[in-house]
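Next up: the structures, one after another.
Heads up, the next two complexes both have subunit A, just with different partners, subunit B and then subunit C.
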Partner chain A sequence: MTQEITVVLPFSGELFGKVKNANLAVQAKESDDLGEVAAAAQSQNKLAAILLSTSKLELPAGLQPRSAPVSLYLETAGRFLDYAVRVNEFAGAPVRFYFPATPGNAVAVRLLSSLGVKAGLDLRGENTDWDAACELLHYDAYGKMPHEPIEPFASAYLQHGSSTYCEAYLERAGKYVHCDEAGNLANSRRELADRVYIGTLDGLSGLDVAAQAAAARKRELSVFMKLEGCSVCPGYKVCARKNPAQKMEACGCKDFMTALLEAAREVNLRKGER
Partner chain B sequence: MKLTIIFKPTERCNSNCAYCDVISKPLTPDMSDEMLELVFRRMGEFLALKPENKINLVWHGGEPLMLGPDYFRKALEIQTRHCGADSSRIRHKIQSNLTLFGEEFVEPLRALGVKDIGTSFEPVPNVRGFGPGRDSAAYAGKFLDAVASLEKHGFGWNYIYVATKKSLPKAAELYYFLTNLSNARSVMVNPVIITGEDVHGLAITPGEFADFLGEFFKLWWRGRDKFNHIQPFMEYVDMYTGVSLSRVCTTSGNCAYSHMYIGPDGSASHCGRAADCHIVSYGNIKDMSLNDVMDHELRRKFIGRDAVLKTGECKGCRFWEICHGDCPLGAYEVYGDSHHKYEWGCEFRKLFLEKYFEPVSGLRYEPKEH
Partner chain C sequence: MPNILLTQRCVRSCPYCFAKKHMGGADPGAFLPWEDLVYLADIMQEDKCMEMRFLGGEPTLHPAFADFAAYSLARGFSVTVFTSGIMAPKVKADIRRVFETIPRAKEKLSFLCNINDPAKSPPEEVPAVEDFLQEFGGSVTPGFNIYTLDFDLQFLFEYILRYGLKRNIRLGITHPILREDNMFIRPEDMRAMMQRLLGFLPQFLKLDVVPSLDCGFPLCALTDEELGRFHKAARGKLHFSCGLPLDIGPDMQVWSCFPLSAINKKSIYEFDTLKQAGEHFSQLMRNCRVEAGGIYPECDACDWRKKQLCHGGCAAHILKKIDEEGNIRALKLT
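What follows is the complex of A and B.
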């Protein structure tokens, strides 16, 4: 391993035993696990983040006040009336709520962020509604209403929109590796599911991260074989096909990525003016 | 003072670009070891004679990587022997199509101090490519592999896009392609120069190039902070805002003081264009020092060009400081005499600046002298 990398792995004592002095982002199984995750991960490693898929918009039962940042993935926010009374708790917690990009969820994210809650859209789904994402982006970048920064837009703004937005989901070859229950490693969650492995957790210390990043760059460059599709997209600089779920050309992301690049530019210009 | 030597140790090339005649014309054999030795001996003499000077040695071709990695190692060994401590005043640059670049070139190029590689690329099919069928897909594959390798090893890269007739209908696509492709610090867009018959119908007019570049400019100006530097746009912005005056050899008006060409057999000329078109010969470095080449009486004609044009063909032109009558070799090709403006460049520049650059940017050039 030639540079600092974060391993995104399931909560498992067996897996934790295989790594030492590593940065870990742990996928908890249950809301109650969070305290246990923190204790186990921090005994020999550094806990960088906790991820949890859940079905209800609420704070995890095991959440510690000084916890590592927690990303909660939900399918839907549900009815506002059902969680309205808990919004104040959400606002102060080290938790960000992520939802698939649907029109309803985009409205929920807008609402939550305006109430001081950290929220975002997960743009990695195959059914991502890019128009809904675009509308939310306009609210975030150009809206007058004070609100919490929304992900993954905030990540995209960080470097003037230079393909950083997927870091909000801990996806970036060379910076994060994803590990399954069996200890296989892949460059992204999608490649892990597709069994495109780059090594195993046992061999983590020997993993050539720079070579992985170079291989990823080579795959990225393959779009430039032709003068069409992603290679000529006005939004390519912010996208760079870093989203592991994104399909080339046909997914309708062009307008969104173009708007995201423009928004990154605008937001940074405004920062510069201040 | 910086002397730029366009250094062509080989005329061989592995590509068959439609606008280049290098693979079809009789070639001078590659530079011999003895001649390579002489080149560095001459450079050593020049640097000893001119302690304030530096040399940019631009490896050109043909395709310089066809010489293989050992050739570059040999060059470094010879340079160390002949130039000693003065080697620190030599900067090696290389212009390559990259399709032969591999791991084996990393160490020798790095040892020569090469940090950036200049290249060029063409996404429009069958303009650049290998073999008689001009296989552009194979070419693109090799090129992109090389880019990944360059970046992995920390080399920078800049590239030139050569606009041809086939580029014209695809200006917006090409703009995004070129700016998306690279982490390159700059992209330079040049018009194709056809020497001889235009067998593939690639030549473009000054108006066509101005319109093509104008489309690029409209896209670039609005988002210029998020896209790469594009030349000549940055150059014009610098000139218009008073940051600097023209620097590119074709428009600087200074090339007679700064450029020379050395070919595989030691022949010396003014620059790559002068040598390729066989229009200026200063002799051979077998018989003369680099200082003799720079002091050659034929250069006086180039040196006197500014004064002639300023009071003649270019008198009153508000773009004089930006253009200087454009490339003297271009004028030489047309008139057999460099004391004319290069009409093609002049017409293009005026059209582009007046029709696109000034209206889109809101800037207006007011000459400081003339």
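What follows is the complex of A and C.
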């Protein structure tokens, strides 16, 4: 059972000891050595990913070339000249840089992607600039030259736009559970913060993941009880209010989600033509 | 090879400025955005055109100028910056960082510094230019625009020796700006201008400096004997053509060389490729040359023009003539 889901949890030997043979996505701290994180996580579990919030656009200490994928979350990329010298290192590393969706960060993601660096926007913030995200999406889907695919767009294309874009952030009920330092489990990062728990790490093996996913799906579909807002949004198919930070009243993402859906169709159509 | 205008702001007010017409009609605050630089890099790479040529105004006034240069180098382009050399210390520090940190920047980043005669320049400009040459001289090709018949190149030879500049002087002649009043070399003065230039040939040869002619020089301004001497000094790289470079503004408007900007400006987004844009403007130029072959009446029947050895001087003269004639031509200027 534990192989079917991935537990997103903080870097803690104590937590790691509570599970065996589980897929772990470990949230490390800026001061942590990723080599040590990987060794501890892999002692009796499988390391699926590492997440790290950091303040500098640089490769983290202890990163191994064959490491599990690392998602680095930064507030801003800063000036190109400040990181230009490291771009070649970034391009070959198992790392993706994520930034909040601001106009400046959307430009930084475009630059990094055009230079072969894995990058993406974190669309979960309440201040997401959907226009900036939309411009970046346009570049990613319709740009003239090959570039490194940008997240979360690439995740959305994978399923022809069927509501998977939040998987780039390891958010999907039934596939990921989020764990806090006390071992509580929740369906999403937001629900963990809101203390909407679905169980504990100790009881992970007994957790009915399928039931949790079905309940989450039911919550998603409840939006259709009223013919307004998200239920009449053409972008709902790709959005599906998977983003726990979204508010139905004025989420502002309609144009973006519609464009993402269209881009997913277009990208897959092109793939089919090849 | 397109020229990319990073901004239309300039630090100088040259009496001959061939870009003045364009600068005057544009938002002086406009800077090329990052997104558009990436787009231009993409279409240039697609056309296998791997040289970025940054122009202005003064391109180093762009707040991200050094970052643009670093990015272009990281994309594999070589970068040529057309500058006055007048720039803030912070910009020079940024350029220094590009040279120090970006691989192969010393080979791939260069400057074409358009230098005015210090004797005719505002006094505060001269030390600023000399500071730039002092610091980056090894990466600088000096350029000079000829706009009067009494021009002097002596100061350029001195700069080359003093600051170790590249041993090549790019010589441009100034052209008329449609519906503007600027200083330029008139067709009837081309011969005298060339005579003056020939007077500097011994120094070019003695100091091993190569004169390189920009577009718009007419072949007939030189006798065969003079042409032979010039040919040797220029090491065989002598042309009397009109290169039709594409200029792309910070607002992504494109035109073919400043003289043609008066008759048809387009958005670069109207074209799928740079080649397509080039073909569009080549056709416009052909239409223009149907009206008048070149800057002299004799150009129409000139064998050398027919054989493409000379393009008949700069189209700006032809456009000015057409514009001043009134509405009697098939070619309409807008």
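The rule is simple: the second predicted complex is superposed on the first by the 268 of 274 C-alpha atoms of A that agree within 3 Å, B and C clash if a C-alpha of one lies under 4 Å from a C-alpha of the other, contacts with A are read in each partner's own complex, and residues count from 1 in each chain.
To be clear about the criterion, a contact is a pair of C-beta atoms (placed from the backbone, for glycine too) under 8 Å apart; a residue touches a chain by one contact, two chains touch by 3 or more.
For clarity, every value in this text was computed on a predicted model and none was experimentally measured.
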Which partner does A:Met145 reach: the first (subunit B), the second (subunit C), both, or neither?
second
One more residue to check, A:Arg190. First (subunit B), second (subunit C), both or neither?
neither
For A:Lys18, using the defined touch cut-off, is the partner it touches subunit B, subunit C, both, or neither? Pick first, second, both or neither.
neither
Would you sort A:Ala210 into first (subunit B), second (subunit C), both or neither based on which partner it touches?
first
Touch check for A:Lys175: first (subunit B), second (subunit C), both, or neither?
neither
See if subunit A has more residues touched by subunit B or by subunit C, and give me that chain.
B
Where does A:Ser114 make contact in the superposed view: on subunit B (first), on subunit C (second), on both, or on neither?
second
So, A:Arg79: does it touch subunit B (first), subunit C (second), both, or neither?
second
Residue numbers on subunit A that touch subunit C, as the complex places them
79-81, 84-85, 87-88, 107, 110-111, 114-115, 135, 139, 143-145
Subunit A partner, complex, touching residues on subunit C are 33-35, 38-39, 41-43, 45-46, 64, 66-67, 70-71, 74-75, 94, 97-98, 101-103
Give every residue of subunit B touching subunit A within the complex, in rising order.
123-125, 137, 140-141, 144-145, 147-149, 151-152, 170, 172-174, 176-177, 179-181, 223, 225-227
Can you tell me which positions in subunit A touch subunit B when the two form their complex?
160-161, 210-211, 214, 217-218, 221-222, 224-228, 230-234, 236-237, 261-262, 264-265, 269
